[in-house]
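One chain, subunit A, appears in both complexes that follow, with subunit B as partner in the first and subunit C in the second.
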Partner chain A sequence: MAGIFASRLFLISLVVIAVAATLPLYVSGYVLGLLTVAYYFGVFAMAWDLLFGFAGEVNFGPTFLIGVGAYTAGILNNLYGWSVYICIVLGALASVVAGFVLALPALRVRGPYFGLTTLVAVLMLQNFVVVFAGLTGGEIGLTIPDVITIDANANYWIALGFMTISAAILYGLSQSPLGLVLQASGQDSVQAGALGFNIVKHKLFAFVVSAFFSGLSGAMLVFYFGTASVGTVVDVAVGVNVIVAAVLGGRRTVLGAALGAIFLIVAGEFLRPTGELATFIVSFVALLVVLFFPGGFLGAALSREARQ
Partner chain B sequence: MLAFQILIDGFAVSALYALGATGFTLIFGVSGVLNLSHGAIMVLAAVAAWAAASMLHIDTYAGALIGIAVALVAAFATYFAVVQPIQKSRRIPNEEKEIFVLTGTLLWGIMIQELIAYFFTNNAKTVLPIVEGVADVLGVRTPRNEIFTAVVCCLVIALLWILVNRTRTGKAVLAASMNPRGVTLLGLELTNIYVVVWAIYGVLAGIAGVLLGMFLGVSSYSVGPLTASAFSIVVLGGLGSVSGSLIAAFVVGYLETITAYLISPAYRTIPALLLLVVVMYVRPQGLLGRR
Partner chain C sequence: MDAIGKSGPILQVRGLVKRYGGLTAVKNLSLDVREGEIFGLIGPNGSGKSTAMKAIMGIERPTAGEVNFQGEDIAGLPAHKIARKGFGMVFQHSRPLNRQTVLENIMVALLPDSLLMLFPDKALTERAKWIAERVGLASVMDRRPPTLPFADLRRLELAKAIARDPKVVLVDEPFAGLTLAEVGIFSDLIKSFRDEGRAVLLVDHNVKSVAALVDRVLAMYLGEEIVTGRADEVMKNETVRRVYLGGAIETSARPETSFKDKVPALQVENLSVHYGKAQALENVSIHVHHGEFVSVVGLNGAGKTTLFNAISGFLPYTGDIVRDGAKLRGTSPARIAREGIVQCPESRELFGEMSVRENLDLGGQHLSDEARARQLAWLFELFPILKERQGQMAQTLSGGEQQMLAIGRSLMMQPKILILDEPTLGLAPVILEQLSKALEKLRQTTSITVLLGEQNVTFALPHADRVYVLEHARIVWEGDPGRFAAEAGAGYL
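Now for the complex of A and B:
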């Protein structure tokens, strides 16, 4: 049963990705730009879902990991002019280190306290960026000399490819024995520990993986934008959007998080004619989903699948 | 001279922080809900008071009362439209209710914020103060409004203390925060207690919001920072501990004022955040928190 579903999911994903890959042939550059951002955003949401949906840890500070990756890559490129790819890799590594430093003490505390620690980390990073304005560009933002490429189609394909690979790795991880241990420790850490699994080590691993993908995606995003600013990669509001995307798409599904992220960004765009009410409407729809379909988009689809 | 100035300004700011954070921590202590629409409700109260005074041309007292009433309605709406449906939902597993309440109240707060921005623009609004002019305190020229703010905050907190510790309703609230099941076994309806707590919260957030609107002014941009500052004060003091958050409010208020006067207003929030980080690492349950 699980095998059939897995293969069906695989086929559906394959079709969706194939269709998405042909989009540059018939949609405008504007739409492509929008989707490019949405794909990077999708990786943020999936990385967050691995931590929340599976390890059961509420990370209120996804933008801490994203921001460290993004700013490290941006600053290195700005100061030393190193190649974009080296900067992206170093940004992702910096994010892993930051995630490790944050997670090691934070994982000692449970429940809401973990979430609070991660939230404080974001506020610290935000202040750091503003105070060291000489290095980071402060509130105006950091100008980055290099970009990955200026070709809209290429940017789109890179983002799509990156999201697909990240999704495959994160989804594979979540379905692996490791993912099951994570899920067990998220739901009942005492019992999982009694079965002989090292809970802290597993959660730390989940945090590091989450940090790696967040940082990598953040670094790639700034090289797409050509600028890094608090408002785009660090602000608590960005983190909130990541969380909303994951819950909206369906937590504990990984792939749903990407769907939620794409929905959030595309819906925001469709509602642009409504002007200032756009954010209101998106929040309202998200609240309705949270209240009435707590499983999210993919959660609802999966439970229907399971019933049949 | 400067010392007195810091002492006075710091006291007013701290008292305002304390009032804002008290309701927030009370709800968490009693029902385990972290209400992330807190900042939105405070701003809503201030904007309502501002709109009532400037558009309906009524006097400032009536305007302030309208602001508090609006906050009360908003608090009930938060509880009945967002928090209670999530808590009663059978489709959300119990261990995940916390994150759903957080997400739900957050979205709710954003909705309020956007509506304020839509109807009243993003511009900063200052509510006309109830008392005007300046007074001389310890040789420091202090706006009377600042003294008024500090006095009202202290009075309201004292009233709250009496309400919680000396009345039957308050004792029920206190009992619910210690052992909800025990309270239901005594025949008290838990939902009624929650409604009382949300009512107290609405009034507190309303007063704090209106005073903030008079003292510093608000705009729809202040929603996030207000929630964040209540959050960090409550964390510092210990989640759910009212006295802890009172102490924390004064620590944060004075730290900010000292930094603003002696170093630079730009670095205002940093020492408090550093302290918060140290506390999170050394004593994660906060100053007076329970594990």
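Now for the complex of A and C:
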């Protein structure tokens, strides 16, 4: 039964991606730009769900990982003029290192303290960016000389392709034996330990993977925007959006997180005519979903499947 | 490394100590378990038996002592390392992966502790299937845990524990929540572990339930060994009998006919409670008169706390709970407490970082300043030690003082009906005496009604006008305490 469902999910995903890939043929550049950002955001949310949904750790600071990747890539490009691709890879690696350094001590504390540690990390990064304005561009933002490409269609396809590949890897990981162990550790760490699994090692691994994809996506986003600023990749509010997207889409589904992110950004844009109310309405919908369908969009569908 | 013969013990525990702050949960415990032996670790709730098991498994780090496994001291290693050395543990409560099938849940237990395992190994699936058949899960292998009956979930726990073919299997309360028929099946399964040459260490509350299963038993109380031996010898042991049954029990019951109220203060009628699939209470009916002291005795897991939590409004139930003729269903726990049914819970639930005085004042929050002062003065007379400790943080008190504070805080609410859940839990005899005196004083000088839940019969009977015995979620005996030893005592060990 699991096999049938998996393949059905696979077919649905394939169709959705195929349709998404043809969008540049008939939608406006404005919509494409919107979706491009949404796809990068989707990767943030999926990376976050690997930690929350599987490892059971609430990372309140996804933007720490995103921001480190984004700013490292941006600064390197700005200072040394290295190629965009090298900067992106180095950004992702910097994020992995930062994530590792943060998680190693943070995973030793229990319960809400892990979340608090990650939150403080964001505030520190934010401060760092503002204080070392000479390096980071400070509150005005960092101007980045290069971009990946200026072709809107190409940018869209790159983002879609990147999200698809990230989704395949993260989803595959979540369904692999490693994902099972992570899930067991997240649900009942005492028992998982008694079954012979080193919980800290597995959670650290999840954190590093999450950091890699967050940093990679953050770096790519920076080269799409051509600028990096606290408001787009570091601010706590951005992190909250990532979390809301993942929860909205469905905990422990990975793919749902991407759906949630796209929904959040597209809905916010649709509601733009309502002005300041837009954020309120989107937040309210998110609140309703969290309160009444804690499984999220995809979670509800999956658990119905599970019960049959 | 010692040379250990084939018949020597595979697991040797020497001088195991586990302290939590000032509380010593396990004191200098030593035991041996041989291959092909089922060893029972028995003791009343709070005796430290579960802590001892967790310390052996590495879930709790032992404060001192040795745990020798095949000649190697493994004390202090983390659980996952101990598990990989050849230990498996069957947990009482489990949280299986609900989106995965039973087979996949068993597979998890078989996976290596490696980050490189990205694709399931065919051989693992075969092994998982074999284990599923072995514990009787073959027919439900492809189902998901939420659709399984309780007994099958317990089977899944057994399956996970033995998946990697451990040499030592630790079992925490093997029969909790199972029906009689299921107990038989699980006994056979555990016996089959022994027959395969595994060493089995099980933890339970009383000797009786595991007597037929175990080869040897170690009875413990207050963290210490009382006696080790065959089950029947241990049951005959004087100290063991005293711990469970008490010595000569003096009772001073007032006959039920002396309570003249037309409507009892509290009536529980046909109460049933389920936790998920496990039945915690089955058609329980009790009543308590105004001013009466009623004890509900039963071993841990019998359902006492569930009964009290249902009365306090914390749990959904079927049946009725009636206070002075009015049904309590739908009344909030806060309101039930305000209206005079106050529970002093087993876990005490003190505000640990507040002072003794602040804890008491919180209990008396709804009283006027004057009434609170009066109640406090009265309380300090009942528990003089609390007066001395007023400024001290609650979590720094000794166990006995904490219990007095918990009772004191409940009494500050001026309850009509006081529910005391296991007040003797883990306390030394001298403290029990003080609590005993306080209860006696309450009985002599106030009109309060008390419902006392206890596994310690020695403590419960002297303060009871009437006794109910709760066993496996049902009331199995009711009567006056004088008749308890003769009629119900034998079945209690």
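The rule is simple: the second predicted complex is superposed on the first by the 305 of 308 C-alpha atoms of A that agree within 3 Å, B and C clash if a C-alpha of one lies under 4 Å from a C-alpha of the other, contacts with A are read in each partner's own complex, and residues count from 1 in each chain.
Methods note: a contact is a pair of C-beta atoms (placed from the backbone, for glycine too) under 8 Å apart; a residue touches a chain by one contact, two chains touch by 3 or more.
Values in this document were obtained by computation on a predicted structure and should not be read as measured data.
In the superposition on chain A, A:A167 makes contact with neither subunit B nor subunit C. Among subunit B and subunit C, the chain that touches a larger number of residues in subunit A is B.
Looking at the shared chain after the overlay, A:I88 reaches neither subunit B nor subunit C.
Look at A:A219: by the touch rule set out above, it reaches neither subunit B nor subunit C. In the superposition on chain A, contact is made by A:F205 with subunit C only, not with subunit B. Look at A:Q183: by the touch rule set out above, it reaches subunit C but stays clear of subunit B.
By the touch criterion stated above, A:G196 is placed in contact with subunit C alone, subunit B being left untouched.
When the two complexes are overlaid on their common chain A, residue A:V236 makes contact with subunit B while staying clear of subunit C. Contacts of subunit A with subunit B, set against its contacts with subunit C after fitting on chain A, overlap at residues 187. For subunit C in complex with subunit A, the touching residues are 57-59, 78-80, 83-84, 87-89, 91, 94-95, 97-101, 104, 107-109, 111, 113, 115, 117-120, 142, 144, 146-147, 160, 163-164. On subunit A, the positions that touch subunit B within their shared complex are 52, 56, 58, 105-106, 108-109, 111-113, 115-117, 119-121, 123-124, 127, 130-131, 187, 236-237, 240, 243-244, 247, 251, 276-277, 279-280, 283-284, 286-287, 290-291, 294-295. Contact residues on subunit A toward subunit C in their complex (touch as defined above): 1-2, 172-173, 176-178, 180-181, 183-184, 187-188, 190-191, 193-199, 201-202, 205, 252, 302-303, 306-307. The touching residues of subunit B, when paired with subunit A in their complex, are 34, 82, 85-86, 89, 91-92, 95-96, 98-100, 102-104, 106-108, 110-111, 114-115, 117-118, 224, 228, 231-232, 235, 239, 266-267, 269-270, 273-274, 276-277, 280-281, 284-285.
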